[in-house]
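The same chain A turns up in both complexes below, where it pairs with chain B and then with chain C.
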Partner chain A sequence: MFKLDRRSFLAGTAGFSFLSTLPSIVLADAHGDTLRVAIAGETGDLDLLQNVSTLSSYSAVFDALIHYGPGGTLEPGLATAWKVADDGLSISFDLREGVTFSDGTPFDATAAEWNLKRWMGVADFSWIGIADAYDSIVIDTPNKITVKLKRQVPAALLELTIVRPVRFLSPKAAAGQPIGTGPWIVESHSSTETVLTRNDAYWGEKPAFARMELKVVPDELARANALRAGELDVIGGDWVAPLSPRRAKALEGEGMTIVAEPGTATTILGFSPKSPMMQDKAVRDAIFLGIDRAAVAAVLFEGYADPTVDIFPATVPTAGSRTPVPARDVAAAQAALTAGGWAGDAAGWTKDGMALEIAFLVSEESFPGSRRIAEMIQGMLTEVGVKANIETVDNATMHDRRPKFDYDLTFFATYGAPYDPHGSLGASFVTASDTGPDGKIYIHPDLDVLVATALETGGDAREGAMQAVYDWLRDNTAACPLVVVQRIWAVNPRVTGFSLPVTDYDLPFKGITLG
Partner chain B sequence: MQRMFMRRTGLALLLMLAATALTFWLVTAAPGNVAALIAERAAGAGADGAMIQKIADDLGLNDPLPVRYVRWLGDALTGDFGVSIRTGKPMAEEFSARIPMTLTLLAGGGVLALTLSLVMGIAGAASNGGVVDRALHGMALVGASTPNFFVAALLVIVFSVWLGWVPTFGVSGFTSWLMPWFTIALFPASVLARVVRVNLQDTMSRPFATTGFAKGLTRRAVLLREALPNIAIPYMTTFGAQFTLMIIGAIVVERVFGLAGVGSFFIEAIRFRDFIGMQAILTLFVVFFVSVNLFVDLLAMLADPRLRRPRKA
Partner chain C sequence: MKNWPWAILAPALLFVLIGLFAPLIMTHDPGAQDYGALLTGPSGAHWLGTDYLGRDMFSRIVGGARTSLVAMAFVLLAALAIGVVIGSFAGYVGGKTELVMISVIDIVLALPSLIIALALMGVFSGDNFTWMSDYWKMIVALTMAWWANYARMSRAVVVAELQQPYIEAARVMGASHLWIFTRHILPHVLGLVVVYASADAGALVLAIATLSFLGLGVAPPTPEWGQMLVDGMSYIEEYPSLVVIPGLALTAVVVSFNLLGEAFALQKVPRAVRGRFLTRKKVARAAEESARKEVEA
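The block that comes next holds the complex of A and B.
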């Protein structure tokens, strides 16, 4: 009969422990030449003309004429060179020679024209300046085209770097077939994963590994656990598979590599331009001065955020001069209220019989973590004497109330690279723009003129015109920038050479080698 | 008998109709504008008021609610549940891709709940106040009061992250289903185990059980041969109710384990204000709830002649 003694118990335990590690070893080895990246939602069919597919996968499959480089520099894509005419009414592109789509169709001026005419001059894409100002396309040579415009579009070249619809599809691609010239080819896509294989005919630097699997994992904790278990190699990116600062901190403590860099989108506290209370600049000043941005960044974002009072971070082109972030100053905030005709103290303020009490609209669904930030700000404002009532609503209610300016205070974020600064300025700070459920950060007739001028000004004068907008916003305390959340990714130890993709709309693969 | 079947089926259809009408009203009453969302999907930031108005007119969104409901119902009866605002695909297509995933989850979870509950319930009754009975009682209480997202996270940490035995997410063979099945089965299994245990205890004190003992049968024989068949009806009806509730668990479980089923689609539909998707899935849930309960009712009627007797005043 079997007798369980101490020696056999220890031997059995050791053997069991070893066997229990085998599945993970086998799992890790089975993916040698494949990078497994988490995506929060299915990629879809990557239709360039529909706003349905996940934005992060387009740039892996499709190229644009111009690519967005670090800090908003313009880098050659399918165009090797470009020239904007002196009058700004035409742009010529030298097309890259010898490029083919992954179905073998050559990329040339005819293919470029076919692609551009799918969205330029089309009403659905009038939100893109160059599409709205489009006049005609001229094929100069088989590898050179000129786009003629009805009016100047100073941001035209930057607009050509956005995710969609500006990228190039094979003219011979069947409906629903994502055939591009990019470094990856879509092998298959389903509701659970998209498999990409390396395009060995790619004109640029080819990825070091042959295959990339984009795994759909909607839940953030599940993504983190999959990374821990070695089933995923990379998680993160606001538009790929968001990783919260708190989760990143936890993963960092468990041996995962966390890569974080300054972000390109600013989290802003917006003042309703229709709220009588918020029309009072003294109130806006008091709120602006009464918030400790450094504490918000350190406590709520675990240090993965940078405090700011500028509308755009320095990582965005023509973001304007930098303003030092003031320390929180309760006395100055209260002095601003007193100067504005308010009477009171930390216990509360009144003016013309009206108590200083504001509605603070928050939606966790729209902006995860916003409730905690709102509560922290509420506490800070209470010390100033400003009573902020937090209203937590669902996403749909937020999307209904924000466009109607049905709030006093709420959160906004700028679009980030590659859409800024022209994207956020033209949408969120202009009275006439139609931003649908996103609402607007601030609008004012004077601001409309300044923004219009800035967006229409090209050349050397552009920076000054942009700065005038930023100055106006700051002088009028039209918005209350809080922090720039960093771009956070977590990487499995088998991945080496990881660097952040240029924007959070791109997948990480450049420079990566797999161990 | 046949008349009673027909009556129950008719009532179930009426219930479905009323429930779809209610959900239709609730979904349309929710904040948000379907036309604006569709315009946004088509044109992104370029969606303007005129475009939104045109879409609203084309879809008849300005018509009175009853007219819209009747139109929607007519389409739904032909299998046309509209096009998802989020994915741009017809909901019928989404259903055909996702229902098999959810059915596999529910079927596996159902079998597991059935097995676990019977084993735990019978073992508890056999122990009858002993250590096993008390331990199983405690386990059932814990299982019935632990939220499934917590169970899922715990299982993943232990069996995937620490031991590496099963994958944390997705479907990659039989083993990848084990944790989702267990997670979704734990609550119903715990509740049903108590149903089995309590009913067996009650049945074991009935005269026919005493007769069994008098005939010299062992406790185990009386339990399995005499008592167990007699708890079939209450067990079946409770199992039906618990099985339908598993679809609510599927909403969480599918998301946590990265399963592309109807439940995870429902969460995304809510997040993206995909009203068309929400309405279609709620309808599916209603049909599921009512159908399973009807099936269980009919089965109980077949099994127990007393339930087939017409009610007397």
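The block that comes next holds the complex of A and C.
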């Protein structure tokens, strides 16, 4: 019979310990040419026309005619050149020659026309200016097409850089088959991971490694721990797998490389235009002046955010002139209330028998971390004498109440690159736009006219027309911009040459080599 | 009472005392933010340190005890009152009325209380309930999810007591229904449901914390343990105390209330004491046995 003595116990323990390391050794070797990236949700089948798949992986598999470059510059994609007619009513594209989809189908004018007609002129995509203004497509040569428009769309070229539906699918792809011309080919996708293999026939710079595994890890702490354990190589990106400033700080102290750059989306405190309380500009001014944006950026974003009072950050095109961020001024906030006919002090304010008390609608599901920002702002407003009642609601309630402006204060964020500024302006500041559950930041008849003019103005006059919108919003304290959260990624030491993807809708792989 | 394990029951009593006298115990305003003292450790100025907004953790724990105590008391009283009235009425009236009412009670009991509370909180977040604060929505939701157990128990006690000869005697002597119910049956009902309620208090404190943890309970800046837990989650790696302190407070109170309930259920003798009592009894029996053997010898 087997007898367990001290020696055999120790030998057995040592043996098991060694054996337990074998899988990780084998696994590490197996991942030698594979970049493992965390994604917060499964990619789905990357249908370009359905609003189902997550936005993080489209640009790896599909190309657009024009690609979004740093600072909103336009870079050649499947179109090598483009020309907007003088009257702005047609845009011609020289298509890249010798490009094939990953199923071998050639990309040419016929394939381009087939793709563009799937969404241009289709009611579901009328939120895209160029789709709404579409008139016809003319195939000029096998590698040149012209899109004719019913009216000018100054942001048309920028619109062609967005994630979907503007990218190109093989006309021979069966339903549910994501076949594009991009640098990666979908090998498989499931609820736990999507595997991409390098497209060796890619027309551009090919990735330096052969595979990319997109691991679905919904929980942020689990993602950070997987990065520490070497099971993931890269985490981050607002639309890929968000990394909070707090977690980034923790990882930085443990030898991971943190790469952060100024963001492209602004976190905004929205005033309900239908709330009687918030229709009073004095109240809006008091809130605007009573918030310490620098403290919000430093305390809750650990410095990974930049305080702002502008609607768009300088990282998006035609964002307007920069406004210096004012220091928090409680006395000025109270003076604004007094000037507006309110009576009171830090203990509270009244006007016509009505107490200054506002409903602050917050949903952690809709906007992670918003409750803590709300608590901080609540504390700041209390010192002014404004009582903010935080109402924490679920996503469904937020989606119900926000479009109805059923709140006094709530959080919004601009869309960020590549959608801004035209995307947020055309959706969140226009009375007639349909933003569904997202609601709108502010609407006003005067603002509608200014935004319409700005969005329809092209050429040199565009900058001025956009600035007129920004000036109106500022002069009327129509919104309360808070911070621009930086784009944060964390990379383990195995990865070299990491640089942030151009937008947070893109996966990182350009320039990366694996150790 | 001297046999009670005070060390185990102390957290529950401490919780009640802290909740009652919270304003006198708090060293700081629990909502006061101090950006110059973020995430500090325990010190003379802040006995349990500060949180991510520089708020005093000790004062927030004390304030959280008061929040939970008040909410728990409201829910327990309301659930107990509703449950006793409905259950007793069903049991006393009997017949089809009882059948219908007990069916409703069974349906409510078939669903987990927290799920009912969550669903009701969802309903209350609609347009028609904006006049109610989140705090009262939580209390109403928990009450509506919690009354059924008391109703079932009350009904069972009433039905059992109605079979007793002394009730029959009271009827023969011409006592009214109200007299019989209030003088003879209600004391029995209350005796049982109060015992159950003492054990239920811990579960309620946990439910209140759970709703707040899910963002559906008490609204900031009112301190609440569940809310402190969820807020501390983001900092759990570097500052685990933000989670551990409210977690320990919650655990101590829940365990303590459970033991208190058990103590009441075992005729005011907690299991630990009962264990010691049994041991003493065994020793006494053994001594008797040996004495008997000695006499026989």
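Heads up, the rule we're going with is that the second predicted complex is superposed on the first by the 488 of 515 C-alpha atoms of A that agree within 3 Å, B and C clash if a C-alpha of one lies under 4 Å from a C-alpha of the other, contacts with A are read in each partner's own complex, and residues count from 1 in each chain.
Following the convention adopted for this analysis, contacts are C-beta pairs under 8 Å (C-beta built on N, C-alpha and C of every residue); 3 or more make two chains touch, one makes a residue touch a chain.
Model, not experiment: these values are computed from the prediction.
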* Clash or fit (per the criteria above) of chain B with chain C on chain A -> fit
* Asked: When the two structures are overlaid on chain A, which partner does A:399 contact: first (chain B), second (chain C), both, or neither?
  -> first
* First (chain B), second (chain C), both or neither touched by A:499 -> neither
* State whether A:378 touches chain B only (first), chain C only (second), both chains, or neither. => second
* Asked: Per the overlay, which chain contacts more chain A residues, chain B or chain C?
  -> B
* After lining up the shared chain so the two structures overlap, which partner does A:300 touch, if you call chain B first and chain C second: first, second, both or neither? -> second
* Touched partner set for A:110, first chain B, second chain C, both or neither -> neither
* Asked: In the superposed arrangement, which partner chain does A:221 touch: chain B (first), chain C (second), both, or neither?
  -> both
* Identify the partner contact of A:513: answer first if only chain B is touched, second if only chain C is, both if each is, neither if none is. => neither
* In the superposed arrangement, does A:188 touch chain B (first), chain C (second), both or neither? -> neither
* Asked: In whole Å, what is the nearest CA distance you get between chain B and chain C after the fit?
  -> 6
* Shared chain A contacts, counted only where both chain B and chain C touch the same residue -> 221, 394, 396-397, 400
* To do: Could you please specify the touching residues of chain B with respect to chain A in the complex?
  => 30-33, 36, 39-49, 86-88, 97-98, 153, 156-157, 160-161, 163-171, 255-260, 264, 267-268, 271, 273
* **chain C residues within the chain A interface of the complex** => 31-33, 35, 38, 52-53, 122, 125-127, 130, 133-134, 215-216, 219-221, 231, 234-238
* To do: Could you pull out which chain A residues touch chain C in their complex?
  => 221, 244, 246-247, 249-250, 295, 298-300, 359, 363-364, 369, 371-372, 374-376, 378-379, 382, 389-394, 396-397, 400-401, 406
* chain B contact footprint on chain A (complex, rising order) -> 20-25, 27, 41-42, 44, 47, 50-52, 123-128, 190-193, 215-219, 221-222, 225-226, 228-231, 365, 394-397, 399-400, 427, 434-437
